[in-house]
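Structures incoming, each one as structure tokens.
Two complexes follow with chain A in common, the first pairing it with chain B and the second with chain C.
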Partner chain A sequence: MLGEGIVKGLAETARNFFGSYVEKDRLTTVQFPEERLPQAEAARVFPFLVYDTDDMEKGLRCVACKICEVECPPRCITIEKSTEKKPDFTGKPQFYPEKFEIDVSVCMSCQICVEVCPFEAIKMDTAFELSTDDRFGGLRWEKERLAKPNEYYRQIHPMEAAEVDEQLAEKKAKAEEKHAPAAATAEGAATR
Partner chain B sequence: MSAVADRIVELTGDAGSGQLLEISMGPHHPSTHGVFRMNVELEGERVMKLKPVFGYLHRNHEKIAENASYLAAMPYTDRLDYMCSMTNNWAYALSVEKLAGIAVPERAEYARVIVAELTRLQNHASLIGFLMQDMGASGTPLMYAFREREKILDLFEQLSGARMMCNYMRFGGVRVDPSPEWLFEVRALVGRFPRFLDEFQQLLMENEILMSRTQGVGVLPRELAVNAGITGPMLRASGVNYDIRKVDGYGIYGRFEFRVPLGEHGDVYDRYMMRVLEMRESVKILEQALKGIPEGPVMDPKARLRGLRPKAGEAYGRIESPKGELGFYLISNGTHEPYRYRVRPPSMINLTVLEDMCLGRSVADIVVTLGSVDIVLGEVDR
Partner chain C sequence: MTQGLDQIFVTFQHWAVAHSPAAVQPAVSIVLPVAGILILFPSLFAITTVLERKGLARIQNRYGPNRVGPYGWLQPVADAVKSLTKEDIVPRTADKLVHFLAPVLLVTVVFLEYAVIPVGRNMVLADMNSGVLFFFAAGAATEMSVFMAGWSSRNKYSLLGAMRAVAQMISYEAPLILSSIAVVMAAGSLSTVTIVEKQAGYSGFWPHWYVLTPWGLAGFVLFAIAMTAESNRSPFDLPEGESEIIAGYFTEYSGFKFALFFLGEYLEMFAVSGMAVTLFLGGWAAPFSFLTWIPSWIWFLGKVMTLIAVFIWVRGTLPRLRMDQLMNFAWKFMLPMTLMVIFSAGLWKFLPSGVLRWLICAAPIALLYVVLGRVLQSERRIEKRVYRYAE
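Showing the complex of A and B:
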């Protein structure tokens, strides 16, 4: 019969319409600004720099090795290396970035900088409402704006951060072990 | 004038008005799936000539990749066919693995199959939605398709961190190990998906309007399809049994049991049905892959992330992407950048026969035929 297919289709539409009141599967939308879905833990939006302790200048993990600057596909990272060194979390003197800038408008959130960083210094943020009306300064983020404490990282990526913390603690323990006998012999030499 | 009149008689069988009207459809026409332009010559409502104009979305993809490391091109491949970034990643990873001789661990192969088939599900579902949208069924089928697509994209976000720009695969494996919870959710989704397919079929398949608008429209003969290098569901709708998953058996596709649906008439309705049937086969593959996924590493321990310098040589890796044969041709000269990087995009090559499918038909049929080709302009123009 002509029109049978259309009637069948309309029955399907009706099923979906009434079903949306009872089945969560059929109504997946939320009223966005008021209601928000939880973000996935793996979510990535824009990179930030991690620092330990409370002092951003002292605790920054980045040692300005410039690997991310080279590997970044759209080349949106600019780093200027410092001239003098400062001690890192194991006490070893390292360079630090005098200037670290990321162009938000160029970054494509691919996470390659995070993957290539050997110092666990750059991670992905999950904050996503980043619009600004300043298209020159406001899109070029400086070190001060990029740096965020490790606590924040633990908050947004709890599982990943726990793993990183473990690795860093291991590294630190190893460095201290190496350092301790050396210090003891130096002390011994001084008393002699 | 007489030449024009002759052509009109040749194509339509009658003299018509004897006048031609040249119009430009696109590049911002709502039914052109992006920024695609067609220069159309019309006699009344009938198409006499159709010239596709590409390039409005050209982004220099190949040249950018030739001036960056092998790894740096990976996130750019997401942006080729932005509906299915996972399969793009796979095709590129496959050709670099061929070039550099990198092996892929078992678990990673299974993860690749799972994400690729999920990609096929969401691409075909939304394509059918778009096709209905082009026919004037504004909204309902598209929204149902997008509802299901969103569930799959949520899974992609949990796995790779991004819904569409997944950047998930690496040379020698995949970036993230799929967790047991994630696999559990995929199993749940795959279990629910046939119900959606049944409903979708119920909604559309017997619809008289759909049938009268698609059957016998945009017919692509078998010989022309083969000669023009058409691949994917479009080729199979014309009745040619050619699926690279079967022909090459790349990855681990040789282990799965699935059938290749074939069309008969090569019209828009066959192409629509091809997508519906392929989704059913994808669900079968997914069930088998989810059952068989072994434990183990997801990255080849020898594969390094940075500083990949393949020996001088060339490689062509191809996969059956949801749209057709997607291939990456690479030439290495031993440095960390590819000497030549070429993409073989399925949607662009499938688009080249558009004129042959539309000649003598009406303007409304162009829209439907174009919708059934399944193009994404990000891939056509690169």
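Showing the complex of A and C:
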């Protein structure tokens, strides 16, 4: 019969219309700024620099090797190497970045900097509300703004962070083993 | 009290005229009701846009606009500010004068249609002897504005949209006017005021609306379909067809001109809804005799808003038609049906009232509906496609 389908369709939409006021399950919309979905473990937006301990200057893992600066496809990273060295987490003296800047507007979230970093110093952040009204200074993030503690990394990517922590601990233990006799003799010499 | 509330606007007009200097009295008596129309219907448009977005959202199990103001009710204000502050872009090769005139003409012409719609008892701007004729004549001018918009834009999509609009609107004008002829026959008058007055009586508590007769019901449904097409509403929104021709004749319009087109389209919708209410649903008359204490203008606006709600419901349900489906529907289904409705209305006038009259008048319409349905659906056989050269 002509028009049968139209009546069926109208009944269906009417059911949807009234149903959306009765059953809350029908409305799947998440009202964003007030409600938020938990982010996926693998979520990635923009890189940040990891530092150990509480002191950002001292604990920064980055040794200013500039691999990420070179590998970055849109070339959004700028690094200036320091002149003097400071000890890293194993106690070995290393350079550190005098200046470390990433341009938020240029970064394309490809994660290549993270993959090429041999020091586990740069990781992907999950914070995504990065908009600013200052398009010159506000989009060029300095070292101070990029640096975030390892605790934060553990929070946003717990599984990945555990793996990294394990690797670093192993490395540190190996380094200590290697340096232990030397250090002991040195200490002995100093006390003597 | 009831009488006072019913006639409150009329009383106010008389009061204002009596208290103004004699020299401007004719002007005041004309300008006041015009100002009423100019305020009432655009504000109704503002409410309808947010209602439509909310209604469509609920049909699709969403919330709809709920950010601006409490429950999103101030959304039209935000929309208005946005469209007023937007840059007005006119294509370099466009015919600038016609491009500017098209939206202005549309809104002007649509406002003209309101002159003959009785909004309440004694509330009509111009009680013409040929009100229905004037309404459709003014309505036909919207086609010109649409074509002006499409032609002056110098854009192939605009032109395609305008061609589609003209083809569609002229095709559907025939069933629109033919289905209203049945009412004109029954009322014996082209004056909208007389048509409403003929429907304002009651047998017991039951009203004398034309929609409550078999030919009136069929005529009303046909009129509703034709007016949906006439006001370019979904599922007959081919002239706009966002997915096919971007926005049809709107493509090159932005800012306030686009808002004017939008306003004109909604005003057209209110006008044809008002006409449908006037012709078939008793205009400002209450649905039952015991509800006559509610002011007549509330009944009229309530009926118009109900029709608008049905429009929104249909828009949320049906997908857009194809051009050939549209034309086939107009000429092969709507036209024969409206002719049969006129025939049935003629039968109704000359037969004595009773159950038998009902059956005799309903039978030819129902029969034609079934036959047309069968015939049109049998034409729709899907055959295996034969490739002539690519075998």
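We take it that the second predicted complex is superposed on the first by the 155 of 192 C-alpha atoms of A that agree within 3 Å, B and C clash if a C-alpha of one lies under 4 Å from a C-alpha of the other, contacts with A are read in each partner's own complex, and residues count from 1 in each chain.
In the analysis below, a contact is a pair of C-beta atoms (placed from the backbone, for glycine too) under 8 Å apart; a residue touches a chain by one contact, two chains touch by 3 or more.
These figures come from a predicted structure and were not determined experimentally.
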Which holds for A:134: it touches chain B only (first), chain C only (second), both, or neither?
neither
Which holds for A:31: it touches chain B only (first), chain C only (second), both, or neither?
second
Using the touch definition from the top, say if A:9 reaches chain B (first), chain C (second), both or neither.
both
A:21 contacts which: chain B (first), chain C (second), both, neither?
second
Per residue count on chain A, the busier partner among chain B and chain C is B
Is A:115 touching anything from chain B or chain C once the two structures are fitted on A? First, second, both or neither.
first
Residues of chain A that lie at the interface with chain B and also at the interface with chain C:
2-3, 6, 9, 12-13, 16, 26, 28
Chain C residues touching chain A in their complex are 55, 58-63, 66, 313-314, 316-318, 333, 369-370, 372-373, 376-377
Quick check: in the complex, which residue numbers of chain B touch chain A?
68-69, 71-76, 78, 140, 144, 147, 150-151, 154, 157-162, 165, 167, 175-176, 192, 199, 202-211, 305-306
Per the contact definition, I'd like the list of chain A residues that touch chain B in the complex.
2-6, 8-9, 11-13, 15-16, 25-26, 28, 40-44, 67, 71-73, 108-112, 115-116, 124
Where on chain A is chain C touching in the complex?
1-3, 6, 9-10, 12-14, 16-17, 19-21, 26-29, 31
